[in-house]
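Both complexes shown next keep subunit A, but they swap its partner, so subunit B is in the first and subunit C is in the second.
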Partner chain A sequence: MSRRIIVEPRGLAPWWLKLLIPVASVIAALALGALFLMMTGNDWVEVYKKMADTAFGSGRGFAETLVSATPLILTGVAAAIAFKMLVWNIGGEGQLMFGAIAAAGVGIWLGGGTPPIIAITAVVLAGAIGGAFWASLSAVPKVYLGTNEIITTLMLNFIALNLMQYLVLGSFSPWRDPEATQFPQGRPIIDNARIPEFFHRLDWGLFIAIFVAVLAWFVISKTRSGFEYRIVGDSFNTARYAGIRVPKKILGTFLLSGASAGLAGSILVAGILGKMDPRSLDLGLGFTGIIVAALARLNPIAIIPVAILMGALNNAGPALQSIGVPTATVKILQGAILIFAVAGEFLIGNRFRRPRESVEEKPEPAKEASAA
Partner chain B sequence: MNDSVLMLTIMAAIGLGTPIVFATVGEILAERSGILNLGVQGMMLFGAVVGFWATFQTGSLWLGVFLAVVAGAAISVIHAFNSVTLRVSQIVSGLALTIFGTGVAIFIGRAGASPLVGRPSREIFEPIFPQSLADIPLVGPLIFGHDALVYLSWVIVAIASYYLFHTRPGLTVRAVGEDPASAEAAGINVSRVRYIHVMLGGALAGLGGAYFSLALVPSWQDNPIGSAGWIAIALVILASWRPWRALWVAYLFGAAGRVNFTFQTLEINIPSNLLAMLPFLLAIVAMLILASGKRARLLGAPEALGVPYFREER
Partner chain C sequence: MPDQDQSSATPAVELRNIDKSFYGVFANADVDFSLAKGEVHALLGENGAGKSTLCSVMAGLYRPDSGEMLFDGKPMVFKSPKDAYAAGVGMVYQHFRLVSNLTVAENLALGNPEVGLRLSQGQLEAEAKELGERYDFPVDPSARIWQLSVGQQQRVEILKLLYRDAKILILDEPTAVLTPQEGEALFRAMRMLADEGRSLIFVSHKLQEVKAVSDRVTVLREGRVVGAANTDDAEPRDLARMMVGKDLVLPTRKPNESVGDEVLVIEDLVVEDDRGLDAVDGLSISVRAGEVVGIAGVSGNGQRELAQGIVGLMKVKSGSVRLNGTDVTKKSVLAKIKSGIAYVPQSRLGMGLAPGLTTEDNLALKQYREPPYSNGPLLSAAAFGRRGAELIEEFDVRGVRPGLPIRLLSGGNLQKALIAREVVQDHSVLIARSPTRGLDVGATADVRDHILAERDRGIAVLLISEDLDELLALSDRLVVIYEGRIVGEMPASEATAERLGLLMSGEREDQSA
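== the complex of A and B ==
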């Protein structure tokens, strides 16, 4: 018998490992980033200090971090609930943008005298519906025709991006501000539809996002519907035998995922932006949401702190220019975090042990695919 | 005749299509072995910046191209390790590669006291045949009007197609992509085949990136490639995993990229954003019609594409 180590899939990983892997991923990414900064002649201690200082060093800095984190909580939830059911919705970008288009459309169309509570609700919900609609363009073909959603959601990102740019930069649509003749801009939504701020640019949208994350957690872990959802996520066949209508569940999850991403768009429009600003909505928030979901290991509650961490990175990026370091440092860190986090899933999904001498080893059958 | 709108459009289609040909053929090789790599955009950008940097430092175009190829292959190992050795989600790993590669490329372009960004390339690829040959009506530009990398792309397409469909190693690749367990039983090292083809995909993506920074857009910008990497992923499906078809669909999309300009010269005004949607819209429509459910198999989609392969311990 050889003395090599056997790697085999395991059912449940210990809780400390599930916590350790994401933390270790962040540390490993920071170490890699430090190496990269050193190789390019930068003082990595200074860079990280600057980042921490910008993101967490002051009340206003932390408020900006939370502003950046708000849409990431929602795109993170969008990715997490879909991925958990092996629905590969990587169209958070497009769903966010189309949500923003819908939200801004309603916010412009509403009469200026609409009471705030109605106006805000209408605009915010329009974003969710818009996001769900954009997701349905991938979800319906997936469920009824078997069309691969990875490619369709991806392609729809670019269609939404160009549509959004067309509405403001490429045409004189109602979304474009007729008074901005020099540089095309989005038309402001009515004042009554703006989500109020409570501290330095930070608005109540943050709590909507947190509420959505908590709601997602509650529904998944505490309700019958969530129980069925978890069964589908574990095994399509088991779910089918249990009498769960799997296609309907997949469709519903996909639409809710799109709605969450769309909500991120409408909260930006009704919150800090006040209009559909194509540049501010094209920052990769949907893809960053996938990083958030993966690092949070698809747990909606864990998404909140992870989104704050990613928001901190996004917030700190531009400040690096003042010390002569490219903003892209942040992107390297985020990419590296995701690489380590996804690699770490291997350690959570498998265990190692030495082969026993006499016993014939029969590993359990492998799982078909592992989430994130 | 050689200055007609049609001819100019065809030439531009070949120029704009060439980097996408490289990347699409690369992704076809990876997917034929069963590995979906959504990192094409990141690998292309990394290749683009490495190629540009090397040529900028040395003045040698071919050294730039060589290092871009090496860079693309090197960064693709991250994805190969994640998806073949660790068998974690190929989708998330590929996205991670795109984010990481994009970040590294922008960083390299902007790092240091005298960054690359905004600088013109020291050398760019020019047509290799004398102008007199390219002046021959009709066939002149089509056959003699290109730079060396365009001819290289034709050679690569021909080799890739022959390799996949007419050689034994090519058959092996397809077997691994269809049914890795049977391939393994037949004595094939599945992991090795997948590593090699993910890296070939990375190498070709790097080459495609370098074509942008050393031929098409001869000065460094944060993102000289637009969304070419994503288009390549769409084109793999439109090309139904076949290299020759990849050449034609890539030229078609090159033409679509040029159509805007062509329409303007014909005084037809279509907003550029709506035209930019076209490749993505076509890809979706093609997927709905051609590649839904079981039909994807008939089209040529590898059966085991994207599914991690667990070899039983022996």
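== the complex of A and C ==
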């Protein structure tokens, strides 16, 4: 006699489940985090209170949360649109950095008298183009030679990081500030290329990021090109059968993914940083974007609130030090959220049920979890 | 060997009343079979006759629902292929079971209980080499599997069995993947193994091969044994008749009176398969408006390449495809869709439909580029909904719910949706591959009606199928292909089981006369 549970694929998951799973993932991660804090001798209530207070407790705090969220929206979109087409672009990190290099380059090269609207547009677009270019180094070999993009995008992350550090820390390139006497710094871009702030340190880059997320959603669900994208993402064979040129579509998606990550770099350079600062651009924003995309179930609109949540965690981290808790606590929470979200994905795709009593016993219960 | 006569009295394998069904469908029913020691025994039958299932039962992969298996006179129950190995039974599957990153020698050692924890690469390779040379089956033991040709990989599979000293070797359609030269070498090795006293089961659809290599032959049809004979005594035409079996139900409907001009004309078409072999090898055929031409043949004789070559999914190496007088050979898939080629592929969810999208989306898969679906670069959600609902109603597609991925529909409803989409677009040619495969009776009838309706409205239909019932029910003219070439042609009303069976098995008509 055994009590068995059958796991079987689910048809259509109800909408509330799709919402419940990410929310439950966050709650479960917080519970796990509380356990960890208790084990390390901290008052978890106090820690969470401190975090909530830092991230949302004041206008200034909330502005900082949104500042942290802005690049995450863009790197999240970058990961989501690529992953949905089974393009494993994990090079958001490098594409962001090369976008920043390109944006800062343009922002330094432009004459100081360039009108703001032109200067900002040029710098922001330079970042998108730079990111797309960096992605193309992986995309073109993937599409035409069949190389594995996971490996190439990952390796290019390190190349972009070292290139960025070399330009500022290791050489006297135009990106390095000649007036910095103590520690090498990035050369500031022209003032007219800076994106204006409107609420504490928060600048209009947030709206560019939100616009990109909404645009991605609109293109995917409302346009012909987006329909083709959905078909390719569902089945390469079917797409070919329907007359869609699959390699071209993959190449285009990969480049747009890179452009979105590159845009994150240029918005940082033209926004809060004002220069290419290697330390401020090496925070793992590309990788956190992957978490954001996964938690948002690759839905561009859902990326916005998820990025704000992740931004809040990033923002709250440093404040924990004042109560003697390591900043890395937020990394644990972010990691735990991802693990719970991915595990929850299984529940969206499958369901558990008891076997019906009348069904005759099969001789080989190979695929059933036995709980005797 | 002096005791040969005495020991060969006990068969190597004896099966009694073997039944095996999958989900209530019989794959083997009441099968009796016996394999003598030292013989090559051919299993002959059409696709789906139950040959592979029977082999898998003997190799321990499936357990029979009922019946008895005796190996060397002893009743045996195999719980897994491991038990079968222990009893000296080994099988070479159609899809090889090799680890492509390991060397030949390592693959031989894999899973062999006699190989201990410590591997001696040198010793393994020496053994592999010695074994290969003994059977005139040379392979480089240090080569990795992915570096080998398909024929060489098959040799490794056979050597794997010999390495374990299997006494009973089951080869499931071994020649399907081989060039003629490789086939000759295989047959020589098979004879050599039989002469050593091993017993071999050889699955094939090809009468010539059966004649060339086997001592005895058993014919299966629809899961049952329909005949067994010594190969030398068996007439090809008798075997063919047994294989195709039952008296064919010839079409009672009238052929279309108003057959029009040639719409699809294919000349000397050559299409390579994935391995770079000419799977379609100089094939010429034409289909007229209002005519259904059925292409019969055992699967793997170029059907896939023919269909995909015509619609542009596979590259045409040489020859031409003309549509209403215009050469479309080199056109893209999209250009061919637009020039009027509709295509119902064999795999519904693998190619014909996007499994994760909704039914409405799938119904628009070929026409979304034009109004009303598209309005410039934007899609009209209203048109998707309205047009989708119309087609779902008209073609009686059941089980559709809003937002439901189409993969959750049943096979019959999937096929109805697919056909609906293909026949409502502007087209003059319909290519259909096994359109009723796996469908229940009701859905089969619906799909057949749709195809005949196409014919009646003047579409040129090319039906490519392995199911003779389907071909006879729908075709006006039957063409048989074998190894990528046309080997015979007849009006459907003149088809006989014997004639089709012989042609499909690669016998030329003049030989059988």
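Going forward, the second predicted complex is superposed on the first by the 348 of 372 C-alpha atoms of A that agree within 3 Å, B and C clash if a C-alpha of one lies under 4 Å from a C-alpha of the other, contacts with A are read in each partner's own complex, and residues count from 1 in each chain.
One rule holds for everything that comes next: contacts are C-beta pairs under 8 Å (C-beta built on N, C-alpha and C of every residue); 3 or more make two chains touch, one makes a residue touch a chain.
Here the structure is a predicted model, which means the values were calculated and not measured.
Undergrad: Who does A:Ala242 touch here: subunit B (first), subunit C (second), both, or neither?
TA: It touches subunit C, and subunit B stays clear.
Undergrad: In the three-chain superposition, say which chain, subunit B or subunit C, touches more residues of subunit A.
TA: Comparing subunit B with subunit C, the partner touching more subunit A residues is B.
Undergrad: Once the shared chain is lined up, is A:Asp234 touching subunit B (first), subunit C (second), both, or neither of them?
TA: second
Undergrad: Just checking: does A:Val140 make contact with subunit B only, subunit C only, both, or neither of them? Give me first, second, both or neither.
TA: Touch status of A:Val140: no partner.
Undergrad: Examine A:Thr223 and indicate which partner it touches, taking first as subunit B and second as subunit C; both and neither are also allowed.
TA: After superposing on A, A:Thr223 lies in contact with subunit C but is clear of subunit B.
Undergrad: Mind working out whether A:Leu12 is in touch with subunit B, subunit C, both or neither, as first, second, both or neither?
TA: The answer is second: A:Leu12 touches subunit C but not subunit B.
Undergrad: Counting only touches as set out at the top, which of subunit B and subunit C does A:Leu20 meet: first, second, both, neither?
TA: It touches nothing on subunit B or subunit C.
Undergrad: Just which bits of subunit A does subunit B share with subunit C as contact spots?
TA: On subunit A, the residues that contact subunit B in one structure and subunit C in the other are 363.
Undergrad: For a test of understanding, state which residues of subunit C touch subunit A in their complex under the given definition.
TA: 63, 311, 313, 332-337, 343, 345, 347, 350-357, 361, 364-366, 368-369, 374, 377-379, 381, 401, 403-405, 408
Undergrad: For the complex, give me every residue of subunit A touching subunit B.
TA: Result: residues 6-9, 36, 40-42, 83, 88, 90, 141, 145-148, 150-152, 154-156, 158-159, 162-163, 165-166, 169-171, 284, 287, 290-291, 294, 325-336, 338-339, 342-343, 345-346, 349, 361, 363, 366, 368-372 of subunit A touch subunit B.
Undergrad: Considering only the defined contacts, which subunit A positions touch subunit C in the complex?
TA: 11-12, 222-227, 230-231, 234-235, 237-245, 363-364
Undergrad: Using the touch rule from the top, collect the residues of subunit B that touch subunit A in their complex.
TA: Answer in residue numbers: 36, 38, 42, 78, 81-82, 86-89, 91-93, 95-112, 222, 227, 230, 233-234, 237, 271-274, 276-277, 280-281, 283-284, 287-288, 291-294, 296, 306-308, 310, 312-313.
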